[in-house]
Amino acid sequence: MAPHYAPSLWARLPAMALMLEIIFIVLFAFFVETEEFKKTKNQEFLYLYANFQDVHVIVFLGFGFMSMFLVRYGFSGTGFGLLVAAMVVQWATFINTLDKQRGVSSLHFLVNAELCAASALVAMGAVHGKTNPAQLLLLGLLEVTGLVVNQGLIKKLFKNDTFNTTMQLHVFGALFGVMTSWVLYRSEAEPRHEKEKFDSKTGLFSTLGMLLLWMFWPSINFVEAQEIRIMYSTYLSLAVSAVTAMALSVLLSPKGKINLVHVQGAALAGGVAIGAIRTVLDPWVAMVIGMCATLLSTLGFRYMKDHMLFAFECHDTCGVLSVHAIPGILGWFADLFLQLVNTDDATIAIRFAVHYICILLISVSMSLVTGTITGFLLKLKFWKPQQDRKCFDDQAFWEFPHLAVHN
Amino acid sequence: MAPHYAPSLWARLPAMALMLEIIFIVLFAFFVETEEFKKTKNQEFLYLYANFQDVHVIVFLGFGFMSMFLVRYGFSGTGFGLLVAAMVVQWATFINTLDKQRGVSSLHFLVNAELCAASALVAMGAVHGKTNPAQLLLLGLLEVTGLVVNQGLIKKLFKNDTFNTTMQLHVFGALFGVMTSWVLYRSEAEPRHEKEKFDSKTGLFSTLGMLLLWMFWPSINFVEAQEIRIMYSTYLSLAVSAVTAMALSVLLSPKGKINLVHVQGAALAGGVAIGAIRTVLDPWVAMVIGMCATLLSTLGFRYMKDHMLFAFECHDTCGVLSVHAIPGILGWFADLFLQLVNTDDATIAIRFAVHYICILLISVSMSLVTGTITGFLLKLKFWKPQQDRKCFDDQAFWEFPHLAVHN
Amino acid sequence: MAPHYAPSLWARLPAMALMLEIIFIVLFAFFVETEEFKKTKNQEFLYLYANFQDVHVIVFLGFGFMSMFLVRYGFSGTGFGLLVAAMVVQWATFINTLDKQRGVSSLHFLVNAELCAASALVAMGAVHGKTNPAQLLLLGLLEVTGLVVNQGLIKKLFKNDTFNTTMQLHVFGALFGVMTSWVLYRSEAEPRHEKEKFDSKTGLFSTLGMLLLWMFWPSINFVEAQEIRIMYSTYLSLAVSAVTAMALSVLLSPKGKINLVHVQGAALAGGVAIGAIRTVLDPWVAMVIGMCATLLSTLGFRYMKDHMLFAFECHDTCGVLSVHAIPGILGWFADLFLQLVNTDDATIAIRFAVHYICILLISVSMSLVTGTITGFLLKLKFWKPQQDRKCFDDQAFWEFPHLAVHN
């Protein structure tokens, strides 16, 4: 709308996106080959195919629609989600190809690339509405690079391929995003933006996204673990999460009413926590973990989000800290605890504990450092982000041809 | 909104939901074990996995969004659907585990549990908007208990494991819900509530839910029958249903226009009817059954719903009687008819007829009795349901933080 | 609304739809049998089942919701999509059954029938909002008949079963629809109808439809080719398409903003182009083709759509020419080019070129001729289409029981 403003997107996004695409095409031409995988109808393929479709739905539909609860940010939430995920998937496919040992089939590469994209979308959740798409593209590419480097580092240091990566996906992504958002904090903007709210229609769209995530989450945990009982655990944990989230939302509300956004986030916490666990669980243990994760997540939504805004000037649009970081860390420690319980030998137990804590510390440090660096890169005047009054608003980026008409 | 009102949800829902969850966790800790099922990549698993995902989508997305046509009831329609289904699935998993012969894999248990949850959601359809979530939780748990007891009874009496359960799912659920709604009838409320209508946006959300049900319905019938031709029959029957529903909606409308809610319900009738049939069908027979089911369902929507309201003071919010009960019974008798046609021996024919009619009578009686009892339980003052003017309204239960803003 | 108007739908649609259904049932009773396909749990079946579900989602959810961007046409976009697709699927199943060699399993027939329905929905995209459902039904049936005749003709002439049919699906459908729309052009209506626009809510519904198409497009190309690398190519091509579409939409916009409808169409162009290609592609080649297809598609949206309206009086509601016809032809020539590059022998190369160009010319001529004939059939006064001021408006066909209420 503002004439001095429009050129920003015009000048940055097309040049950046097209240039990156051409670079990617050149890189793919030289470095990426499709492995032959002729046995397309065998079980290995069918299994991967089913899993791939579920992860595909989570990444491109689920995250996009869930981040759409903001009343004027629907086009951007889904559109920029698609933009970043489509770009990151190409980048992640390329990086993962460099490390040849990783997969045997091209489909396996795609599933891995999509999990990386999911991590980038988690990070994006913290800065939604305060950045333009060119900034989001850069954030996505840097986040995935950091994540892959972190995974490689841990693998090198601990000579252990079996350590869980789902935990890293959530914890790394969420902390990365929160740090970026902290650096980008706009002190001029009011503490709570007038457009940062949901209405009855955008709430329903984000319910759609949340249900897609909730339904296909067992597949995301399953793809890593390939053990049917992990899926069963995730399923039960999510069922307990959904019930607990609604009960706690009422309990913690002064008026005794349910808060839609809190419930949507907290109902997923159980799935995130189980994702960080590799030990085979009894059903009831999975249910207890789901309940604890939801409790922490709901408390985070009710109290921590505003506290962080006022105390640390850190604004977390979608509450990724409560949905992804806290349940992920809880699940990590639950896994450690279960390992310790199953171990009689004290030496092995101590070694386990050191392993787990070191991996967590390395991941957390990496995400904090890379997130902060990314924040400073994105803060450069060069990117020309939207004005404060255009935050959380599609009109900064999207044509509304018939704006005068009431909708 | 009303200050004397809010405490209701605060006082009942959290205590009830959390207590039930803790009881479930204890029950699971003592009685439920995950069977080993290591061959996760074999065909049996892949087949169940594909089926499970489709049923999952139907239960959590399809029913939730389809019940969302009410203009102010979107959050409740999907949210309480998730709450009840998540709870019922746990309860059904537990009950089904007690009868050990039922399945071999944990995934099979989940599919069974989800079909039970579908039945509870059908029952909920009749009372939507007139009950609070604590009442809905109790209704869901009692309905599933009744359904499982009924199935066990029929199995005991007729020593026959092959008798169809999909029919029971629909007929039992629908009649149970209608009876509950009849007991709960609020004579003070106007015959037709001002908020009981759809608008152009909620109509689109419910179209989404209906299409998901319509698309994945073949899988629900398939999971029981495990015969490819059942899927083919359901598919053709639903195609005929969709066309017939639209044609009949125009034909029966005085203005010659299509009624969205009628079409959405009647287009599913063909799938429900085929679900009650075990005999292998010729394609054209399936199409005829689909057409008849849609005809009865459309007539039910146009004439029976209002008639039942005025004559019997029974209000059926989503018209479950027309969508589930009538087509289910039609399919049951069609199955009997096909069996009789294929039988030469008069003795066997009579035995068949007696079997079919007894099973139907037992199921109907059980659902009427348990539904009525549930209705009286839910009518207790203890539950503090919403006031009449807050019926069919999300505001009774959900926070709308920025209510003053136009959306 | 207009009293002399309502009878139109009343008089035409029910009679036509019910009569056709009864004819179909009779035809099915005499000519269609379900082949036995007992091995329901083998890999062939599982593979087809997964594919079938994806195509099912594309046809019934994807196309329906994507054509819903028009602000007052949501019920019609999805509802008439369901009506026509359900009818066309029956008709296509019947025609395909006549040519017995086509498939071995009933599920295979259904997948083929759904691809035909997809083609009919592409054709419908050009005339949406300017026709009534009875006209759309006839258009769908004629389009599919033309398509199947065209495929049979090409097979006969070139004695070659392996030639691609996905190209025909898109190119035939789009050109057929555009010709019909050209004949149906209403010169009295303003060049741009006041209701032909999107708003923030219908835009989100069409985003949902577009994402479903985008996500499951690899499956549509895959079902024809049955080669894992085709899926991989489609996936990469679509990823490049999505990024390029957004960049080009900004670049070509005078205000530097993104146009939602252009991006939705152009992001699918890469998938359409790859669908026309049978040669095994290197990943980078697929990415280049995706980029070129998106470029042409975006230029088509920005400049050609209005040009065609003013110069040729041809109105293309959903821009199917830019989404389906142009990328399809591009892919066809790309396939020819790749074949020529791989061939050393000049004689074979010339033969290839002649083959490809002849097939394209035959398909294009057939679609233009049959589309024009269909247009003249639909222009008959007999059909009583909606008045000009009721174009692009649900109110012409759907009951809005509580119209007085603000929604």
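Per-chain numbering from 1; labels A, B and C assigned in written order.
Assume a contact is a pair of C-beta atoms (placed from the backbone, for glycine too) under 8 Å apart; a residue touches a chain by one contact, two chains touch by 3 or more.
Here the structure is a predicted model, which is why all the values come from computation and not from measurement.
If each chain is drawn as a node and touching chains are joined, the picture has every node linked to every other.
Of all residue numbers used at the contact between subunit A and subunit C, under half are used by both chains, marking a mostly different-residue interface. Think of subunit B turning onto subunit C: fitted on CA atoms, that turn is 120 degrees, to the nearest 5. Centre-to-centre, using mean CA coordinates, subunit A is 34 Å away from subunit C. With touch defined as above, residues shared between interfaces to two or more other chains in subunit A number as follows: 43, 46, 50, 201, 208. The residues of subunit C lying in touch with subunit B in their complex are 6-11, 13-14, 17-18, 20-21, 24-26, 28-29, 32-34, 37-38, 40-43, 45-46, 49-50, 53, 56-57, 60-61, 64-65, 68, 72, 74-75, 78-79, 82-83, 86-87, 89-90, 93, 105-107, 110, 133, 201, 205, 208, 394, 397-402, 405, 407. Within the complex formed with subunit A, the residues of subunit C that make contact are 43-44, 46-47, 50, 54, 71, 197-201, 203-204, 207-208, 211-212, 214-216, 219, 226-229, 231-232, 235-236, 238-240, 242-244, 246-248, 250-251, 253, 255-260, 263, 267, 282-284, 287-288, 291.
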